[in-house]
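Some structures to go through are shown next.
Next, two complexes with subunit A in common: one pairs it with subunit B, the other with subunit C.
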Partner chain A sequence: MTRVQKEKIFSGALAFLTLCACSILAFILFAVFSRGFAALSWEFISSEARDFGAKGGILYQIFGTLLLMFASTTICLPIALGTALYQTEYLKSSFWKKAFKIFMASLNGMPTIVLGLAGYLFFGKFLGIGVSWLTGALILAAMIIPTAHAAILEAIETLPEHYQETGISLGLKPNQRIIAVVIPHSVYGIITGTLLGLARAGGETAAIMFTATAFSGVTLPKSITEPVATLQTHILVLAQEATNPIALANAWGSASVLLGIVFFLILGAKSIRNRLTWELER
Partner chain B sequence: MALLSMALGIGIVAYLFWEGGPFIWNQGTQFLLGLDWFPGEDYGAAPMIFGSAAVTLMALIFSTPLALASAIYTAEFLDPRRRLTVKAIMEILAGVPGIVYGLLGVSLLSVWVRDVFNLLDGYTLFSASILLAIMILPTIMTLSEDAINSTPAEHRQAASGLGLTKLEILFSVALPHAAPGIAGAILLAIGRAMGETIAVMLVIGGLDRIPEPWFDVFSSGQSIASKLGREAAETLGSGEHWSALMALALILFFLVIFLTAFGNWLIKGFRK
Partner chain C sequence: MSETQFDIKIQNASLHYGSAPVFNKITHYFVPKAVTSVIGPSGTGKSTLLRTFNRMNDRIEGFRIDGDVWVGGQNIYEENIDVYALRQSVGIVFQKPCVFPKSIYENVIFGIKRLQPEKKKDFADLAEQALRKVSLWDEVQDRLSEPGLSLSQGQQQRLVLARTLISKPDILLMDEPTSSLDPRSARAIENLILSLKENHTIILVTHNIGQAKRVSDETIFVCNGDICEAGDAQKLLEDPCCQETRDYLNQGR
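What follows is the complex of A and B.
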């Protein structure tokens, strides 16, 4: 066998394996949506759950998931943006810069169940908010800070050097520079970070399952200290009744909606980031 | 804001220590090596530690060859546009919520495992490790691809100037260069697999014992994370049971943080 033949065989095998890896996604999409569409209907989306989710729709579950997503992102965004700006614009010592990087990487790697437990103890018990959507939003906010932070930091760090230099030469102070130069030019990064944060918060179950949600009898929360129903926990409960076909169909329907929301956000973030790199290369 | 985010993290760690630390300290080896977990009497963490290790190891064995093969193919043999497509697919795969994997595991995978291997039920360590293998595939693939792709162009040019084929360049130039990055990617993936709760919890079976014999992966088990997910709701907040769970959380936390930090260090170190 010649060297070129060897290479052809090898690359063919690799191509096949790559195709296998990519087709996992196709399989997941097919498995979820083909079963989910059977359950999906306007009535399913717009009515409330009955009989512990075995009948009826998922209106309040969708509401709860969206509420937790947006609340946690609203809390997380100022913190992530503030941390990224402080790190790039004010912080001089390389020791602290390194410390921040390690810290963010650790927070990113932290198992979400541990975050959920510790967060419940701190927000729910110590601060007395209890099992409520606010506790869940705060825990999720802590969880998505690294995601949003990384996207924002990337946008700020890829900012062309001469933008900053122009700002300095005009005698702008750091805070003026942030408002006039850094934020307007890294707005794509901020949007990408927000969308990815929303997606991650929407896909999370372990951190909220006993800190922010209740399964049945929940409608719209009347105050900030009430639990909500979410798609994630709804699927969790229905999945444990895997023998009941109607409950399972509803679980697939809920999973389709959840997957749809999350993919929409990730694809949005990706297209915006592509536009960002395109603008930079121009 | 920066201080706030820092304080948040440190607060959580301090809390875990406060709740779980004394328990490990008092119970010592009895906790770490104990085989039985009966709330109120015995708290032995060995089955959970074994379960986490077994499931993670198997997931790695299933996932790494596929992930590395596609990383190599994407970095070395694909044109830039297709490369971005494959990476986008991996990014989307990474975004699939854990609960969706859990649902797939409960209603499809566990049934398949039961039928194919002729078992009484499909909720086994083996099923959990297959789910985990799919979940960590994008992590290993994306990060190793970055590592291989970042081989300096001059090194490649020098090698192709010597008349090496792409395959030979791969093994003699690109892979040695990317090795630390790939190792880092695998460590991060291990960290992720250990911390994954919801999907594992649904298919692992939830039995707190080490299988007999220990390598029988087609029996039910329990991982640290799934234990936490199952029992934390029962005892939220206080008591000995809670302290024991927090001690488990502390062990998990240290394992994961150590793996993540070491993995990141390898990836960063090689970028310089």
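What follows is the complex of A and C.
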């Protein structure tokens, strides 16, 4: 076998493996949207669930999911931004920088059910907030901090060095430099981190299932201590009703909507990231 | 000239990156209101020396200095020094002009906008004065709101100089400010350096021997972790005493 032939086989094998990875996504998208399409209608999206989800729509589930996503991101963003700024602008010791990275990686790798349990014990029981959307938002915020933090950190660390040097050379103090140089020039990274955090919060089920959501009988929460319905738990419970074809169709329809929301946010994050790269390369 | 009259003095100072010494126990008094050029082979620490005078090396992990560096009458490596005030009084211009993606006007007032917000009403006048000082006012007065990045490289370097001068620094550090410019723009910067030395003490790092001759009053030649030779620019560049200086200058001829 010649070297050229070996190279062709090797690159062909790699292309096949790449195709396998892509086909997983393609299969999921096809499976969800082909089955969910039949259930999708304006009525499905704009009406509330009836008969434990076997009839009606998913209006309050969409609302609950969006509420948890935006509340958790609102809580998470200042923490993620603050920690990234502290790490890059104030923390001098390389030991503590490394330790902090390990801490964030550990938090990122924490099984979400464990985070949900620990969060429920602390927020729900210890602080007395109970099963509520606020407990869920706080748990999700803790869960998405590493995602948002990593995206923001990357944006700050890839900021052109001469921007930082210029800020320093003009005599700006770290807080002035953060406001004048760092934040304005890493704003796309901050937005990317926010959107990725939103998307991750939108996809999470385990951490909020028993801490923030109720399957039926809830509409709009009247206070911060009430639970909400979410698409994630709605899909899970309907999928367990596998013998009821309408319930199953509604589960696929709900999954299509959830996937649509998450995809929209990820694509948004990617397009902003591309814009950031373009800005930096100018 | 007595010792106290010098704006910048480096006394018995050793500069290190980690365990690697860059300079070993160097001493030099820089002539005030004059241009001192620093020349020497690449990698000998010219920029490191320059950045010592406004403590720009502080953010480099492992950088260490032993000895005294006096700027404007204070030992700048003492613990209680206000390093931010020091950097305002010791301006620096880098090799490549760093213009922010903002308007020309916003670039000029970038520093004072944050450092002296109480002077907000005077910003326009201060910007005009700074732009006139660097001979850029006539070229940009009608387009101050246009992006700073729309200017040519030479104009950008003068814009950066205006941004530095608007804070009224006493000392100017210049790290190869013309190396990325065409000859015409480089000459414009050289003329500026000559006009600025009346009110500023200037230290210029350059690889361009011709430039050093044209603008410097004094030259120091650094090599092997030491200041090998220092003195009157014309004399040093025409008839150096030290063999290393002679070898370096001959390479450029």
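Criterion: the second predicted complex is superposed on the first by the 281 of 282 C-alpha atoms of A that agree within 3 Å, B and C clash if a C-alpha of one lies under 4 Å from a C-alpha of the other, contacts with A are read in each partner's own complex, and residues count from 1 in each chain.
Note that a residue touches a chain if its C-beta (ideal position, glycine included) is under 8 Å from a C-beta of that chain, and two chains touch if they have at least 3 such contacts.
Here the structure is a predicted model, which is why all the values come from computation and not from measurement.
S.K.: In the overlay, answer first, second, both or neither for which of subunit B and subunit C A:Gln176 touches.
M.R.: Once the two structures are laid over each other on A, A:Gln176 reaches subunit C alone.
S.K.: Touch test for A:Ala199: subunit B only (first), subunit C only (second), both, or neither?
M.R.: first
S.K.: Output check: A:Ala31 vs subunit B and subunit C. Expected answer is one of first, second, both, neither. What do you get?
M.R.: first
S.K.: After lining up the shared chain so the two structures overlap, which partner does A:Phe10 touch, if you call subunit B first and subunit C second: first, second, both or neither?
M.R.: first
S.K.: Name the contact category of A:Ala142: first (subunit B only), second (subunit C only), both, or neither.
M.R.: Once the two structures are laid over each other on A, A:Ala142 reaches subunit B alone.
S.K.: If we overlay the two complexes on their shared chain A, which of subunit B and subunit C does A:Tyr163 touch? Say first, second, both or neither.
M.R.: second
S.K.: Just checking: does A:Arg275 make contact with subunit B only, subunit C only, both, or neither of them? Give me first, second, both or neither.
M.R.: neither
S.K.: Taking the superposition as given, does A:Ala21 touch the first partner, subunit B, the second, subunit C, both, or neither?
M.R.: In the superposition, A:Ala21 touches subunit B alone.
S.K.: If you tally the residues of subunit A touched by each partner, is the higher count for subunit B or for subunit C?
M.R.: B
S.K.: What part of subunit A is shared between its subunit B contacts and its subunit C contacts?
M.R.: After superposing on chain A, no subunit A residue contacts both subunit B and subunit C.
S.K.: Please name which positions on subunit A make contact with subunit B in the complex.
M.R.: So the residues of subunit A in touch with subunit B come to 3-4, 6-7, 10-11, 13-15, 17-18, 20-22, 24-25, 28, 31-32, 78-83, 86-87, 91, 100, 102-103, 105-115, 117-122, 125, 142, 145, 149, 199-200, 202-206, 209-210, 232, 235-236, 239-240, 242, 248, 251-252, 255, 258-259, 262-263, 266-267, 270.
S.K.: Write out the stretch or stretches of subunit A touching subunit C in their complex.
M.R.: It is residues 92, 94, 160, 162-163, 165-166, 168-173, 176, 179-181, 185, 279, 282 of subunit A that touch subunit C.
S.K.: Given the complex with subunit A, which residues does subunit C contribute to the contact?
M.R.: 54, 56, 59, 61, 84-88, 91-92, 94, 96, 98, 100-101, 110-111, 113-115, 149, 160, 163-164, 167
S.K.: Could you list, by residue number, the parts of subunit B that touch subunit A in their complex?
M.R.: 1-2, 4-6, 8-9, 11-12, 15-16, 19, 65-67, 69-70, 72-74, 77, 86, 88-93, 95-100, 102-104, 106-108, 134, 137, 141, 165-168, 188, 191-192, 194-198, 202, 225, 228-229, 232-233, 236-237, 245-246, 249, 252-253, 256-257, 259-261, 264
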